[in-house]
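The structures come next, written out as structure tokens.
Heads up, the next two complexes both have chain A, just with different partners, chain B and then chain C.
Then we have the complex of A and B:
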């Protein structure tokens, strides 16, 4: 794993390298070089198996993070390639020409996070939701509770309890609350 | 009609269809698929026919209330209805895993006249099992409206009553009774097959007493139910009433 990382470090100007294990590492690369690097890993380093692609919303930093996870069946190791992209009107270079299943991932990311992948086939079609008109639902500033209350009909009189407090009151009604709090803290 | 005329019309229509096939924009606006759009078609004899695929094969008529027969006859009919509850085998959520054991020798729902049918046209009871997403609700409405009257809905699990553990989800509905009329609620998360059997017993009682009239209620308040359904199903690309 280290040999591979040494090789690509200079080539792709890696910003952050996290070696989790002998056979697992995550690297962060610039947006422009990301697909280049995925292609290089596939063609020259033997990472021929595309495991998955996902997205994380870093709302505090105003960024989205894409992750391409690749696996090498020969070397028996995984590498995760992370890319930060802008959060406002995010676009990313498509990678569907490398593995066909990336179509589907990109369609899903477009629906869930609103990331556009120009040139990816059928990317504008519905993936899971039908007729969704609101903002992308996996972004962290989408308030799902508020949306559900406004859209559906919440049943009146429904109550929600904090499970820990409720069970404590039910099971040990005689014991004072403060004493138990201390117990939990320990 | 001469051949030239027909050629002109064909070229016109080809232009139109080109416009339709590049219908990404139109798809976003109306949610109707290009092949389902209202359009003109040339018949083999050269005449022009207007086609509206969504509405052509379905009745546009609203459902009507069915009045009960007189006295003893209605009682007899209700008794007969109660003894043959044919359930549409359509699992909508996690609760549908509780339905297959009903048909095993252990619980044996068949002894109560309950059996599963593969199509809505052959069934009169619909078990909505567990959480119901908007996408599934669309299919459920279509299936429910295709069932022949008198028909009954059993809502299984707390998700159909108040949203259950998915009350704050953006994609699942909270109260089923706002969108479809519910005869019997079976509470629990998840209810055991025994609870489901108890639900069937309750439904039988209601039918025998002549109180399971929710299909008529649906017909009576049809506009209200439809408005609620259309509020959340934003890509309404099916007939308003499809039976």
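Then we have the complex of A and C:
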């Protein structure tokens, strides 16, 4: 793993190189060079298996961190290529032409983090949230508690019934309320 | 095979493709029909929806729609203490919940520097728990394929035997489906007295089932006619689509995390992942059936080789309620019954994870791959194709 990184360090001006257990490495690369490097790793270094694409919200730095995680089946190691992009109106070059499943990740990242990938197929379609109009839900400043309280509690027309009383009234509407309770009701 | 099946149908009736890559489908022409498969829940195929465009009974376009099971697990874990993430994480995949336990435990151990402190006994017990999870998944998955061709008796056999494995889980962990057995630093308990004997009795019943299900599926003309040459994954698609696990091995690509990047005690076990070359539904079923035999053998090997006694948890672990993990990131993976199952875990020095992102095999298998595979197949083969890919929608939506 170290030999590969040494070879490409100058070419892509790699920063923050971290190697774990000799089979996993993370590097940071500039936004303009990221897709070029991903392509190079696939075509020339044997990282042919695209594992996943992910995003981390570093809200305190006003940055979003994109991760392209690649695997080399022959060398049996992973490399995570990290890119930091602006948090305000984030946009990134699409990589859907490199692997067939990448458009799915980009579609999810657009919905979950608001990152635009111009030219990526079906990127504007909903992924898991149908008709979502709020802010991207995976950003750190999306308040899940506030959203749940506003959306679900209290909901108009919602009423809580005591199950035993409700069923008794439904099944025996003519029976006086003062009727003797069943043992199970107590 | 070409004598049995016509694999060269007339393609002239299929829609042309525009410059923007979209198919020229005019629903008002009455040549095409839209049909939604799901979302309802009759099993694997119903947790998500597939929007099909049909010409006659042949599929010309397929789109996967997910979101019906989204419960925001990743977001929930990011708002909880590390140890509180366990009850949430295991629900991300019902088929093999134990895989999530291991990934989150291993990730926290690696990032906090306790990964070398997990005792050997705990490593064996973790492997046993993961193989038992694989076995109960295969007992549902292997006959489940027969179920898609209305061979329902196999499913009933499998459900009975799966319940026996859940019995063993219950005595080992106290729970049947969601176990929370693998915890940071080790596992929660040793094997109960007589566990190995009872497990061996169950495995003997499964040995018998393995022979019976072979007769039911692979010596069956209906099964063969519905699975040979259907849902083919060419070998070159494996890297293009990120295909892993049985689906890759059935297309001739031998990849298994347990062999390629051995974890726990798998380097001490004797096994060779089965493969096939045809890449169709039959090949995937056949490889999965062989994996059933192999999993039974692995459980026997683990029970024979594991130490009788030993520590089950690192003794230097901090109080989990006041646990802070330094800033870092890692990707942990294992070989689940459906293939490479991984988790990208990021910490920031606080008492909660900054980011938890699950990588389930179904993320690619059920969307990009399935949409491609279904085109030009018969509508009757959709369920069989989906089940043969072992799609698990919860791990897509997390």
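Methods note: the second predicted complex is superposed on the first by the 153 of 186 C-alpha atoms of A that agree within 3 Å, B and C clash if a C-alpha of one lies under 4 Å from a C-alpha of the other, contacts with A are read in each partner's own complex, and residues count from 1 in each chain.
Please note the rule applied: a contact is a pair of C-beta atoms (placed from the backbone, for glycine too) under 8 Å apart; a residue touches a chain by one contact, two chains touch by 3 or more.
Keep in mind that this is a model prediction, so the values were computed, not measured.
Asker: Taking chain A as the common reference for superposition, should the pair chain B and chain C be classed as clashing or as fitting?
Answerer: When both complexes are placed onto chain A, chain B and chain C end up side by side without any clash.
Asker: Using the superposition on chain A described above, determine whether A:103 touches chain B (first), chain C (second), both, or neither.
Answerer: A:103 sits against chain C, while chain B stays out of touch.
Asker: After superposition on the shared chain, which partner residues are touched by A:88: those of chain B (first), chain C (second), both, or neither?
Answerer: neither
Asker: One more residue to check, A:144. First (chain B), second (chain C), both or neither?
Answerer: In the superposed model, A:144 contacts both chain B and chain C.
Asker: On the A-aligned overlay, A:69 touches which partner chain: chain B = first, chain C = second, or both, or neither?
Answerer: In the superposed model, A:69 contacts chain C only, not chain B.
Asker: Given the touch rule stated above, what does A:133 touch, chain B (first), chain C (second), both, or neither?
Answerer: first
Asker: Which of the two, chain B or chain C, is in touch with more residues of chain A?
Answerer: C
Asker: When the two structures are overlaid on chain A, which partner does A:49 contact: first (chain B), second (chain C), both, or neither?
Answerer: second
Asker: Once the two complexes are aligned on their shared chain, state how close chain B comes to chain C by Cα atoms, in whole Å.
Answerer: Minimum C-alpha separation, chain B to chain C: 5 Å.
Asker: Under the contact definition given at the top, report the residues of chain A touching chain B in one complex and chain C in the other.
Answerer: The answer is residues 128-130, 137, 144 of chain A.
Asker: Which residues, counting only chain C, touch chain A once they are in their complex?
Answerer: Listed in rising order, the residues are 21, 66-67, 70, 72, 74-76, 79, 110, 237, 239-242, 255, 260-261, 329-331, 340, 342, 344, 346, 354-355, 357, 359, 363-364, 367-369, 372, 397.
Asker: Where on chain A is chain B touching in the complex?
Answerer: It is residues 124, 128-134, 137, 142, 144-145, 147-149, 151-155, 158 of chain A that touch chain B.
Asker: Under the stated contact criterion, what part of chain A meets chain C in this complex?
Answerer: 20, 23-24, 26, 48-52, 54-57, 67, 69, 73, 76, 78, 80, 99-101, 103-104, 121, 126-130, 137-138, 144
Asker: Using the touch rule from the top, collect the residues of chain B that touch chain A in their complex.
Answerer: 24, 31, 134-135, 138, 161-163, 167-171, 173-175, 178, 228, 231-236
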